[in-house]
Structure formats: C-alpha cells, structure tokens
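Some structures are shown below for you to check.
Next come two complexes built around chain A: one with chain B, the other with chain C.
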Partner chain A sequence: MSIEIRGLTVRYGGTVAVDNVDLDLESGKIYGLLGRNGSGKTSLLSAIASYRKPYAGVVRIDGAEAFENPRVARRTCFIRDTLDLSDSDRLRAALDLAARLRPTWDGAYAAHLIEVFDLDPRKRVSALSRGQRSAFGVVLGLAARTPLTILDESYLGMDAVARTLFYRELLADYLEHPRTIILSTHLIEEVADLFERVVIMDRGRVIVHDETDALRGRGVTVTGPFAAVTDFVAGHPILGEQTLGDVRAVTLDGRFGPDEIARGEAAGLSFGPIGIQDLFVHLTSQPLEASR
Partner chain B sequence: MTVFGTLFRLHRFILIVFWAIMLVVEMVGLVVINQAVGAPKFSFWLVMAGSAIKYWPLVAGILVISLHLKVFVANGVTRTAFLGGLALFGTALTALFAVLAVAGHALESLLLGLFDQRGSTYPVFSLAGAPAEFGHLLPGAMAYMVTGMLVTAGFYRWNPWAGVPLILPGAIPLAVAENLVRFDEFGETAHRLPYGPALAVTLAVIIAGFLAVYAVMRDTPIRRTSG
Partner chain C sequence: MFHDRSPIYLQIAEGIKNDVLSGALEEDSQVMSTNQYAAFYRINPATAAKGFAQLVDEGVLYKRRGIGMFVSPDARARLLAERRERFFAEVVAPMLDEAKRIGIGVDEIVKHLGEK
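So, the complex of A and B:
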C-alpha cells in the first residue's frame, strides 16, 4: 500500500510531535524509521495507522484518506511496543480474536511463529516477560499479513537470539508475501540491512528519506594509521570516529574522487561505506536547519 | 455484525456462569427465606435480577470501551464500526437480561405457587403483566449501560480532571430511568408519568446518551497500555 502524507501535524496540547510533514512511501518496500527518543516516530506511525487523528494535514493510503476508513483499517496492522491487548487475556484468545477480525490472518503461520519464539499460548499477557511481549507483537503483526504492516520498536526486551529470529522471519515472510512494512528502531546497524529505504526524523520533522544504499554512499569511512588518517581527513566534516591503538577509523560526510582515493590507498588507508548509525547520530545531533 | 458477534463471544462464558450462579443463589435464598420468615412477601428473584440488570450493563458499558476499543482497532476495526457493534451488543445484552429477569420471575412465581408459599404482597407473575415487566426492565438496563459508556468515554478521551465532572451528566440516563421506568421487587412501578411518555422520554435520553458517546469516541486517540 502506498502512503501519501501532506502537511501532517500531530500535537499533544502545546507540544508539536509531528511538524508539517510531507512524505511519500511507495508500496512493497521495507522502510526503516529512525529517530531519537521524542523525535515523533510513534506519533507519525499513529497518524498513519489512524490511532490518532492528525491535528492538521492528511494521510492517504492507496489514494484514500486513511482516518476511520474501514477498507484501509482492515488492511493495516500497527503493533506498538506496548501491546494493544488486555493483560488478563490469554495469548490463545488474542490469536482467536485476530483470526476472527482479520480477513488476511494466517493461522498456520501464527502457530509457526509461536513455536519459533517459544511462546505458550495458554499464558496470560500479564505473565509474559518484556521480550516475550515483543515477540508476541511480532506474531500478531506478521501473521496478520496486512498489506501495510507497522512495527514500532518491536524488538524491545528481546535477546539477541530472539531479535535474529525476528529479522529472519520478517525478511523471509516479506519475500514470500511482499507488502509495505515500516519498522521503527533504535538498533540501527543491526537492522539496517533489512531496510530498502530509510526515513530519519528529528524534532518532529523528516530530515532524510532515501534509499539505504544511497545513504551509505553519502559518506565514507577512512581507516588506517592514526597520523595518515588525521592528515587525510583534515578539512572534511567528520561524522564519527573510533581509535584502537595506532589505528583510527573516521566517518566523513561526502565523497572522494578516484585520485584522492588512490592517494589515500598509497598512504596505507582503506575506504569503506558509511555506517547508517554514524550518519544518523551526526544528523540528529546538530541544529535542525543544519541537518536538512 | 462482526463486532456484535465478537463481543457476545467474548462475554458468552461469563454470562453463562453469572446466570448459573444467580439460579443457585435463588434456590438457596428461597429456602433460607422460607425457613427464616415463612412465605416470601417479595420476589427474591426480582431483588437479584433487578440489581443484575442494572449493574451488569453499567459495568459492561464501562469495560467494553476501556478494555475492548483498542483491541478491536488494533485488529483493523474502525471506531465507528466498533461503536455501531457496541450499540447492537448493548441492546441485545440488555434485552437478554430483561428476558431472563422476567422468565426467572415467572419460574419463581410458579414454584412458590405450586408449594403455596407466596406471601401476601408477593408480586404474582401473569402472562398479561409480562410485557409491562419487560417494558420497564429493558429501558432501565439500557439506561444503566449507556451511563457506563458515557462515564468511561470521558475518562478515556480526556484526563481524569475532565472525566470526573463528566460523571454527573453521564448519570442522566440512569437517573431518568430510575424515576420513570423503575420496576421493583414488589412489582411496583414508578408513576410520575404514564408509561407511554415515560418510555419515550427514557428512550430519547438513552439515544441522546449514546450519540454523545459516539461524538466523544469517534475520533478519540487509541490510548497506550502501560508497560
């Protein structure tokens, strides 16, 4: 499902969470939504999923206004980090309810995911650990098989194994059943390979929306002997750096021409793509106008 | 129909258990009353069912919105569809309660009559009086349920500081029904207005109350669960 957002503003009293955002998301891609705490990610997702009526502006999905649109609602699944379930519900009851209300629900796949994440359907929601709650959210989100699936920080509390299983299942299911998936996360490097496009929010605005590969190509990482790297990068805007003994790795905003790269390689330097996380940290840690 | 059917499915088990407990308490209660004071002069069933038909829908009105709205929206149901299904569910639930209350009274009256245990002021059930009994109990139950919805809608949509003062207008349907279409354990009804106008006013207040619920909830943000 394609998403068209025009002039979207979400407010909480006097606080502007999403500030006049315009954004177009094509259908059939996995989007990464990145942003610091309080940047407006969840508010933007809530408006897309019609959980919150925009203060101003409009969200259109497949050309139709999304808010309180039954056709759009049926085809959208929004899983928040706090599950929208009653604590006293058993998992089995929540699965039954989804099967009853979701026309696209895949019960067999839900059962498979329950097994993958080692969840006990007889348990009550209140008895789940933080990670198990997140895993159950993933079950509800993926098994709904809705054309628009939105997962808001669905990894919270999951251990490394569970997160790996989540990414694996997400990618496998997406390849088998292509749809629009929006994934908001703080674990940027861990999931960056999943994203086809990345949207970065800062202080209620969208400051970057681009192909993941294009973002990686936006900068370069220079690694080598400390002194050689220091000389080479002098005068370039530095996004991030790491030092281990005499080895220094510096992430720069911008590109080098073939001559410069040849000169650097002759000095013992190596060049690699930029880390999305470095770019993210750089863009979201400076004044808003400078980052746009 | 999906919301309506699903809400009934969610409440089916607790409804069966609740009315089964009511039957058991009725049987035990009649024996105890008979042993303690002799033939009952009032309908013990109408005492219990008369309370159940008020407070069960009141609590259901509160819980259905506070617990289930987010669950249905999370499963692809719009607020409007949910509220429409809730209106059907509320009507059917209160009608079921009113039918069970009248049927229970009929059974109690029959049993006490068979054993010649009706007290002097016991409200004897009659088929001719059943529609009037039902006609008083149903709007009363509906009014309590709408009051529950109104009270919880204020708290759900706004913060407690706004929710608390809204309890008063939220209680209007309940107050109107109590004064116009009451039916007590002695079979007495309120006589402030003739039944026709009393019913019309009560139904008008119930409908207005539900429309107010719709106006408050049709674009409410879906609240997050803590934790």
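So, the complex of A and C:
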C-alpha cells in the first residue's frame, strides 16, 4: 500500500515528537526507518498505523485518509514493543485472535515461524523472555501478511542468531509475497542490505529519504596536509573533522568525481569512503543549527 | 559478502563480470534470477535487479522474455578488451609514475620482470 504523509505533526503535551513531516512511501518496497532514540520513529509509525491521531496534517493510505478507516486498519499490521497483548494471554489464543481478525493471516506460515523461533504456544506472554517476546511479535507481524506491515524495533532482546533468523524469514516471505514493509531500527549495518529505501529521522524531522544503495559511499573522508584539505573541502557540507598536528581529516556529505579525486591526490590528499552506519552517526549528531 | 562503502548494485555487476572473465559463467548460460540472487545473498531484490539491469545495459547479459537472463555470446571478449585497457591505465601507469619518483628506470623494471 502506498503512503502519503503531509504536514504531519504529533505532539505529547508541549513536546513535539513529529514535526511537520512530508513523506511518500511507495507500495511494495521494504523501508528502513532509522533514527536515534527519541527521534520520533515510533510516533511517526503510530500515526501511519492510526494508533495515534495526528495533532496536525494527514496520513493517506492508497489515497484514503487512514485515521479511523476500518478498511485501512484491516490491511495494516503494526507490531510495537507492547505487542498489544495482555501478559496473561497464551500465545495460542493470541494466534487464534490474529487469525480471526486478519483476512490475510496464514496459519501454516505462523506455525512455521513458531517453530523457527522455538516458541511454545502453550506459554503465556508473561512467561516469555525479552527476545522471545520480540520473536512472537515478528510471528504476528509476518504471518498477518498485511499489505502494510510495520515492525517497530522488533529485534529488541533477540540474540544474533534470532536476529539472523528474523532477517532471513522477512526477506524470504517478502520475495514470495511482496508488500509494503517498514522496519525501524538502529542496528543499521546488519539489516541495511534488506532495505530498498532508507528514511532517517532526527529530532522529529525526516532528514534523509533515499535508496539505500545511494547512501553507500555517499560520505567521504578527505585526509592530508591541513591547508590542502581546507582548500579542497571549501563549500562542501562538513559532517565531522579531526586534526592531528598538520594533518587534517574531514568527513563530508557528498561524492567526488574521478577528476576531482585525481586533482586532490595530486595535492597530497587521500580519500576514503564511509559506510552507512558512519554516515548515519554523522548526520544525526549534528548540532541543531547546522542541520536546520 | 558485500561491503558498505560503494553501492551494492555495482559490486554485484563487478562480481558477475569477474565470473564471466574467469569462465565460471559461460557464454549463453543462464544466470540466477534476481529473486534467487536476492535470497542467496540476502539482499533486497530491487538492489539485485539494478545490478542485473546495469549488466544488460553494458551488453554483458541479455534477456529472454519469460525465461530469464543469459550471458551475452561476446561478453568475455568484450570484458577482456576493456580490462586490458584498464590494466595499462590503472595498474601500469601508476607503477611507472612511482618508479620515476624513486629513480627506477624502465630497463631495471624489465630486467626484474624478466627474472620472474
């Protein structure tokens, strides 16, 4: 399902969690939503899933206003931290309920996932470890097969093995049943390969929305004699810098062509690409003034 | 498998070209579908599709409608010609620059290579 967000603001009393966001998400893609804690990820997702009424602005899903729209709600699955279950529920009962509520539910696939994550359906939610709780959220989210599936930090407490199983199942099921999936995370490095596009939030605003591949190699570190570096980087947005004696290393948001790099190398500079994780850290640790 | 410092679609294209050059992928043989490739390497299928599209644009692969993608009959020869050109520009030229900087003459290099 395609999502159109216009002027979206979410507030909690005097705190602005989502600040006048415009965003378009296309149908059938896997999106990664990245941001530091408190950047507004969960509030944005809650508004997309109509769990929260926008203070201002609108979320349209396939062209229809999403809030209190039962047709949209049936086709949307939002898995958050709380799982929206009570602690005394047994997993079996939660699965049965999901099957009744979701026309798209795949019971056989749910059973497969329960086995993959080694969960016991006779257990109560309260008896699950943090990681098992997250895994059960993944079961509910993926087996729902809803055209819009939103997983909010669904890896919390999972160990490396469980996370790998999660990513593998997510991709395999998406290949079989393409749909719009939004996954929020700050473990960027290990899931970035699954995202077609990435949205980065910082202090309630969307600061990046791009193809994941376009972010690889987007940042560059220029190192060399202080004066030569200063000269070369003039006019480019600087994300970070370090100086040691006469050597200066500057990280930039941008890409240089082969000619520029050759010119730089002739002036004694060296160039190194930075990864998505580093780019994310640089972009989201800017002082407020610089990022406005 | 893939590193994070350049677009994955370029790394995919480079990997397949290397397989064609080494003969691991023969001309007119079928390559994996984008979904198979995505599942195998655990990457988004759109990223895989972009890498394959790049190879079709460059003439390394060609599509057979409804069947899949195949290695072009002249792919290996063309890639070889391209790489040979790059070898002199990107490997030999910088080596000669460095040799000149530190006072190694061409004769000395030739002698050294002759002993290999």
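FYI, the second predicted complex is superposed on the first by the 238 of 292 C-alpha atoms of A that agree within 3 Å, B and C clash if a C-alpha of one lies under 4 Å from a C-alpha of the other, contacts with A are read in each partner's own complex, and residues count from 1 in each chain.
FYI, contacts are C-beta pairs under 8 Å (C-beta built on N, C-alpha and C of every residue); 3 or more make two chains touch, one makes a residue touch a chain.
Please read these numbers as outputs of a predicted model, since none were measured by experiment.
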Chain B versus chain C as contact partner of A:R163, first or second or both or neither: neither
Chain B versus chain C as contact partner of A:G217, first or second or both or neither: second
Broader residue contact with chain A after superposition on the shared chain, chain B or chain C: B
Contacts of A:L194 with chain B and chain C, given as first, second, both or neither: second
Chain B versus chain C as contact partner of A:K41, first or second or both or neither: neither
Residue ranges of chain A in contact with chain B within the complex: 46, 50-53, 67-70, 73-80, 82-87, 97-98, 100-102, 140, 144, 146
Of chain C, residues touching chain A in the complex: 2-9, 35, 38-39, 41-47, 50
Partner chain C, residues of chain A touching it in the complex: 29-30, 167-168, 171-172, 175, 189, 192-196, 212-214, 216-217, 273-277
Complex contacts: residues of chain B adjacent to chain A: 2, 6, 9-10, 67-68, 70-81, 218-219, 221-222, 224-227
